[in-house]
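Labels A, B, C, D, E, F, G and H are assigned to the chains in the order they are written; within every chain, residues are numbered from 1.
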Amino acid sequence: MNRESLSCLLASLRSGEISVEDAMTRLRDLPFEDLGFARLDHHRSLRTGAAEVVFGPGKTASQLQEILSRIAEKHGRALATKVPLDIASSVSLPEAVYVDDCGILRVGSNHLLHPDWPVAVVCAGTADLPIAREAEETARYYGVAVTCHFDVGVAGLHRILEVRPELATMRAVVVVAGMDGALASVVGGLVPCPVIAVPTSVGYGASFEGIGPLLTMLNCCAPGVAVVNIDNGFGAAYMAFRIASGGLV
Amino acid sequence: MNRESLSCLLASLRSGEISVEDAMTRLRDLPFEDLGFARLDHHRSLRTGAAEVVFGPGKTASQLQEILSRIAEKHGRALATKVPLDIASSVSLPEAVYVDDCGILRVGSNHLLHPDWPVAVVCAGTADLPIAREAEETARYYGVAVTCHFDVGVAGLHRILEVRPELATMRAVVVVAGMDGALASVVGGLVPCPVIAVPTSVGYGASFEGIGPLLTMLNCCAPGVAVVNIDNGFGAAYMAFRIASGGLV
Amino acid sequence: MNRESLSCLLASLRSGEISVEDAMTRLRDLPFEDLGFARLDHHRSLRTGAAEVVFGPGKTASQLQEILSRIAEKHGRALATKVPLDIASSVSLPEAVYVDDCGILRVGSNHLLHPDWPVAVVCAGTADLPIAREAEETARYYGVAVTCHFDVGVAGLHRILEVRPELATMRAVVVVAGMDGALASVVGGLVPCPVIAVPTSVGYGASFEGIGPLLTMLNCCAPGVAVVNIDNGFGAAYMAFRIASGGLV
Amino acid sequence: MNRESLSCLLASLRSGEISVEDAMTRLRDLPFEDLGFARLDHHRSLRTGAAEVVFGPGKTASQLQEILSRIAEKHGRALATKVPLDIASSVSLPEAVYVDDCGILRVGSNHLLHPDWPVAVVCAGTADLPIAREAEETARYYGVAVTCHFDVGVAGLHRILEVRPELATMRAVVVVAGMDGALASVVGGLVPCPVIAVPTSVGYGASFEGIGPLLTMLNCCAPGVAVVNIDNGFGAAYMAFRIASGGLV
Amino acid sequence: MNRESLSCLLASLRSGEISVEDAMTRLRDLPFEDLGFARLDHHRSLRTGAAEVVFGPGKTASQLQEILSRIAEKHGRALATKVPLDIASSVSLPEAVYVDDCGILRVGSNHLLHPDWPVAVVCAGTADLPIAREAEETARYYGVAVTCHFDVGVAGLHRILEVRPELATMRAVVVVAGMDGALASVVGGLVPCPVIAVPTSVGYGASFEGIGPLLTMLNCCAPGVAVVNIDNGFGAAYMAFRIASGGLV
Amino acid sequence: MNRESLSCLLASLRSGEISVEDAMTRLRDLPFEDLGFARLDHHRSLRTGAAEVVFGPGKTASQLQEILSRIAEKHGRALATKVPLDIASSVSLPEAVYVDDCGILRVGSNHLLHPDWPVAVVCAGTADLPIAREAEETARYYGVAVTCHFDVGVAGLHRILEVRPELATMRAVVVVAGMDGALASVVGGLVPCPVIAVPTSVGYGASFEGIGPLLTMLNCCAPGVAVVNIDNGFGAAYMAFRIASGGLV
Amino acid sequence: MNRESLSCLLASLRSGEISVEDAMTRLRDLPFEDLGFARLDHHRSLRTGAAEVVFGPGKTASQLQEILSRIAEKHGRALATKVPLDIASSVSLPEAVYVDDCGILRVGSNHLLHPDWPVAVVCAGTADLPIAREAEETARYYGVAVTCHFDVGVAGLHRILEVRPELATMRAVVVVAGMDGALASVVGGLVPCPVIAVPTSVGYGASFEGIGPLLTMLNCCAPGVAVVNIDNGFGAAYMAFRIASGGLV
Amino acid sequence: MNRESLSCLLASLRSGEISVEDAMTRLRDLPFEDLGFARLDHHRSLRTGAAEVVFGPGKTASQLQEILSRIAEKHGRALATKVPLDIASSVSLPEAVYVDDCGILRVGSNHLLHPDWPVAVVCAGTADLPIAREAEETARYYGVAVTCHFDVGVAGLHRILEVRPELATMRAVVVVAGMDGALASVVGGLVPCPVIAVPTSVGYGASFEGIGPLLTMLNCCAPGVAVVNIDNGFGAAYMAFRIASGGLV
């Protein structure tokens, strides 16, 4: 609501065009109707730069099929994450591709690659691969120029040190690690770009389904590291996409 | 270590210049000595783009004074966070400025403002102010063009909706919130740029010293949101600085 | 046994239609009926205004069948929640209806609709549907005039803003949300009526089976919001029924 | 600002008593008023039926004084909760009353009593008194006809049984209990109206600052019970006010 | 309520002495009024064998003084636990004794010693002494013939082995231990009588204010061990008193 | 081996019926018998008054069979708890009885009933039955005169009030409850004998697999209540046996 | 690759048997070998004295087969832990041995036994056997002279006391225990050598998948005890190997 | 107990020298008395190689003084940890030395230095110094040849890499770290000797008083790392002493 529209409304009231009751009704929802409907009634892709991505778990094959086809119709492509194999198999959409090592179900092709959006995904162990691959595939979907370095955990420090020069040229680095989650701290101290840390539920005992690495990453001594939810490879890659693309629509 | 230096070492061995024992000794630490000393023996500002910042709690006034003066000597400025008033009062350094509403102790002036690094800091309630101010001051220290919107929590949604257009032009938005932490989710769905969420320990009961908003933010339904430690206003602003500055040294 | 039937019984006694002995016999098992494995609390409808509802999990089909038929015999209807499909299939009761998208097993028809008991059920995402539907079905069972708005989470804020005028006319709003649970805070700030929040176990990682949204909702910045157990759609709807019906038997 | 005063203002405008400009001036800050450190949500009373209440902890005396006087100016009264004695002593506002057994600081008188809004506040032990009193004072502030029964915990069951008939006539019952929190379950099974449970941080050891009774209350076997945050006497009373007043503005 | 009183009530109804409404009113509360008021309206000492004991923390000196004097008046003695020194100093009651190493404030003398109620209190370390002493004093208050063995933790196993023969003759053994809480398991495997374990908040780090020993004791491999709240020396001794006295009033 | 058989053996030795060597042979394995995978503690019945009971989960049918037959050989009977149906079916021992509603596998008959050892087992809901039955069967095994009252939770308070007079005559009461666990507090305030509380993992959401009722019971306002591990019906009954039998061998 | 083979390689180079190029080729992949999905850390045996051990869970049979064969090729043997039976069955490697009671999959023979590296593994109950056996097999793999004492929990204290003299001669003792975890404290007080405690997830209820014994062990009153992750039999045995071997390569 | 003493006892019984009752009495405690008193009735220094160390917190100055003087009298020296300055000031013992940067109070001189017991203590940040110093002082007390490297956290990785060669020659390394605790993982992958990790309560927010680094360390990807309690510098150094000294008395 700006001065003009408010002034207009009040003038109508004063001139008797509208009743006090009408004015009451319009003023009551004013902060929302006005802001909401003038500014918000756009597609999310207009508002935040990217269309909705579908969270797979708990959805039936037919629900997924309907949601994905609607999104793809509007935006030319669609993505669902963490889709189990048996559900994915029952979704019949032309152009649908199922990436079985990370449960991504994609409709349509990835965005064109932006070579000026370099992002790296690194992971600590082979058991973190499904989440690291989810990040990789998500990044590709948004046109990010993604490079991967898997199994470079800190128990053999030379592995991450060897790729440091390359990491230092990225716009963002996604670090995927379970158990001690220490790779995020080490990478955070090695590179100048933002680091997005993804704790994984890999491990046992005191990893407590990912609480261990989550806390490690939140407590990261090296600044420049922020954290997403446990096993949220998608979220980390999407954050990297926002960073690499300059955060502009 | 590159091929050349390894080749060189082995040639020396073959030619009898060095003994097998010498070679053993030099090879044993090779992955670290070489990578470490060729690549790592630089200041952190070279490696990650910013000099070390001092974590204030638990340090004595004399420890702080010594560390800050050393850093300021090398880098022209220095920053310490969460410094209690009584400790700060006992630090005597020329050019030291103590920002008492957030406990920042700065030596030297802030970096020159980069107008092309626009970042916003928003917070949910007045009780979140100390952390939001810590983020604001940190951002200024690094030359970030920071704008603040305080007390715009979701219980009165129009407050955040009103500033949405402005937020949508930022390179990054830092969201500071305690209690339900819901502001991060709302902002995440409104802006196209990366959002860095800071849970605060503000609140009581089931906020559990910040666990409540921490979980809210990690579970954020809107993608494009990553989280830093509870009350870590500094870390969020530093992350925003890395994002805004393009992550390049 | 409800007020009407008790009043009826006593009137028959007073008018001499039945003897004291007859009344004794019918009142004898009033407080509870011992089935060996379960003591039915028939007196509850007198005391709290609604007959006992059966918690399904862990009960065998034959236990459910016996308990439901006894309750239905006395009260004309009966309800069991969270009944698995295979158990429900093995219960053979005339008039039994199984609502498979939320696991409700109902014997007899719903109460007559009270148009002056308007209540809304809103949920954040499609994955919250089973719990939202449990709330909806429970509300209908008690005669509540329930309206539903599903998939109106805060990541696309205009969805909830659009239904705000309607929500503002309700006697109570039930908000069902998992993950960040932020919808409860937003609704709490938008409507004048009591809000009952239901955290769901939807999500993964830091949602910790519902702890995440539970804490969000307990820490809700907007007053006028109270919380029930994780996934307790029944409890929220029952609370809404008590509120809408004026809390009077 | 309430419905009446808005209606009044608009009527004055329509009748020509005031100009559009005057109305603009008075309506301009309608959504919120920016004090620099706090944005007051004056519009809230229109939207949700009650003006903003100030959460005391962490605010300085001068912040409290300014916020309360602004709210009181607009709405005729103002309330702050959990204000420490030393802070309250430094707030100098005419008409300010400090209720020291529960930390409530009130400006102006309570709303007129609505005899048709009967609500009870019960608490388990004398140590729960500060929170129970916070609920009582809050209820009075909103004009609720509140009755209190303190120290009626389940270890001496006859105490709560004795007041059951009275509780059964209420529009809502607020149950305040720490330690085992069992009083909520017992009351929930005894009354037909909605029960709002407030866990308190009273106790030691395994009460874990209120987690014990919080879980008890969330797991309440008796339906019709919803829970607010630990020690949130204000929130429970406000919820009761919404219920008792019919949830209508 | 027995058959006679119900029959009587119904006869009055049938004879027209009372109205249907009157009968309704009396029947509605019947299960409680009757059971409650006939059976429950006695002092707790009649019902459970011991008068109420006062939980000290959070009570003012004047509250304590009033409560203790009332109890002592009726029962000849009174006990308050965990009373801070400064509060106890301000309570002025003749016959009041303050036991400063455990915070017990007793009015009147202990019960006569029952030599046939032998109970032992053992504790692991000297830091557990305040809680062990609370148990000892409580036991004496109830006339239990209590013997103590302090500082017999399992790190020096011979200490507890040495007193085993004596422990084996007790009616109950109270084991007080913090940190690893292992003493409860060891004693549980050595004696034939019931063991009541009290975890203490002694320790640091992973003792988590008593959670460590609490879990140890709940997981006790040796059967015959039950647990009370952290630091609840009073509760353990009271349980031992119930056991030793045969649980009969 | 119990007191009788040891006394018998020693008498035979003293009377010359058996030689020192024979006695040596029989006493040699007194402290424990090494089966390779398990060391049986036959001496336990001498030391603590009851032979070892086998914890079923994780043991194979053949391991169970061997352990049980060895114990039964020495002590005339043996008991295993929480044995899954499929494992129990594969154990072939004469005299073995499998109680399928609680997973108890018993070899030999129960001890003779001691009418002077009256103990009650009460449970809150039908879902608590398996644990309550485990307690009941364990009590019978040790000769305890056990009475059961199932489904007497506090949501219908009259159910527990009705059996109060009977409970008041017991030597101990075992209270089994999940969800809010409030029954323990209520029973603790009603009876003069020791109460042993068993939290169950029944419930969902905030019951957190039994943490909810566990905390409720540890925080029990009524003294005279001690707690065993979640779902530990055996342990509670064994504790009750120790209490009822006077804790003497 | 171990010291011997490296020394050998360098000697061949110095003596002219192989060229610098040959040496380069063989050293090139020294730090790690990239299999695409896993980077093997062959250099680890030089750096820390032992080759990499493979964590089995989450790896496919073909991944395991490839990783193990590469390691075995370089080091003469390889070890994988916690390998499920079905996966192990699908790995076809000559010399592969699967130890089914603890899930160890070993390629090649164990190291030669070092009689001067005596280490004991003790466990509390038969349910701890899989973890204790994992420790035993790991120790053998590294040439440790391991002795085992299983089922020696503190409920029958004589069992551990009987083996104390033998334990006192060890270089290290590994204590494996679930539930109350008290065995670690008892052993810690009995022996002069370092004790490595392994909490197991054995148990139910308040053992919380091993949190119970983990806390017990961390809070161990007896010094000289350090703890590894829940169920980490491998890690404890490896630690014991490092201790027994003098920590020298 | 050996065969001889048992045979002896039985012969006495057979010959009538002792009664059956006497034999019963002696046999009942036999496993403990015999093992206990023959093997356990020694000082702890004989049994475990070191005299008791006093845990300071919660002890009064006079208690500390008495305990320390008794120990020093027997063993020539004594040590107390975590003693607050004000308590230490009130202890008057000749030869007592108070180390104020870590709260150690020592009576008598340290043990003679064993040059063949090299141990390193490293810590991540300056805030970890008090705990690292506690470890250093404890090590000296036991004669360990301790070297320290403070402030070598992973955010500046070259710092720890630089001292790697020296660490690689130690018998044990103690790693002290708070916040992310990642230093333990990095050191564990760099050295061949046992690593003992000490999480500290340094940090804020998600470090949760040390839970963060504790979990990191327990989940350590590098084998050869075991963990002690949060802030337990003493325990880690004592463990290192046991390792370095060969674990032999």
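The definition used in the following text is that a residue touches a chain if its C-beta (ideal position, glycine included) is under 8 Å from a C-beta of that chain, and two chains touch if they have at least 3 such contacts.
Small disclaimer: the values here were computed from a predicted structure and weren't measured.
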| item | value |
| --- | --- |
| Repeat of the E-H interface, chosen from C-D, A-C or B-G (over half of contact pairs identical by residue number) | A-C |
| Which of A-C and E-G has more C-beta contact pairs | E-G |
| Interface composition of copies chain C and chain F: same or different, split at half | different |
| Whole-Å separation of chain centres (CA-atom averages), chain D against chain E | 36 |
| Chain centre separation in whole Å, for chain H relative to chain G (CA means) | 24 |
| Centroid distance [mean C-alpha coordinates] between chain C and chain B, Å | 48 |
| Multi-chain contact residues (two or more partners), chain A | 31-32, 36, 40, 44, 125, 155-158, 161-162, 188-190, 205-207, 214, 218-220, 222, 229-230 |
| All touching chain pairs, where touch follows the definition stated at the start | A-B, A-C, A-D, A-G, A-H, B-C, B-D, B-G, B-H, C-D, C-E, C-F, D-E, D-F, E-F, E-G, E-H, F-G, F-H, G-H |
| List of chain A residues in touch with chain H within their complex | 124-125, 153-157, 161, 178-182, 184-186, 188-190, 203, 205-208, 211-213, 215-222 |
| Residues of chain B defined as touching chain A within the complex | 31-32, 35-36, 39, 44, 47-50, 53, 157-158, 161-162, 164-165, 168, 170-172, 189-194, 196, 214, 218-220, 222-230, 234-236, 238-239, 242-243, 246-249 |
| Chain C contact footprint on chain E (complex, rising order) | 3, 6-7, 10-11, 13-14, 16, 19-20, 23-24, 27-28, 31 |
| Touching residues on chain B, where the partner in the complex is chain D | 125-127, 129, 150-152, 155-156, 158-159, 162, 202, 204-207 |
| Of chain F, residues touching chain G in the complex | 31-32, 37-39, 41, 43-44, 52, 55, 57-59, 63, 82, 199, 201, 209-210, 214, 229-232 |
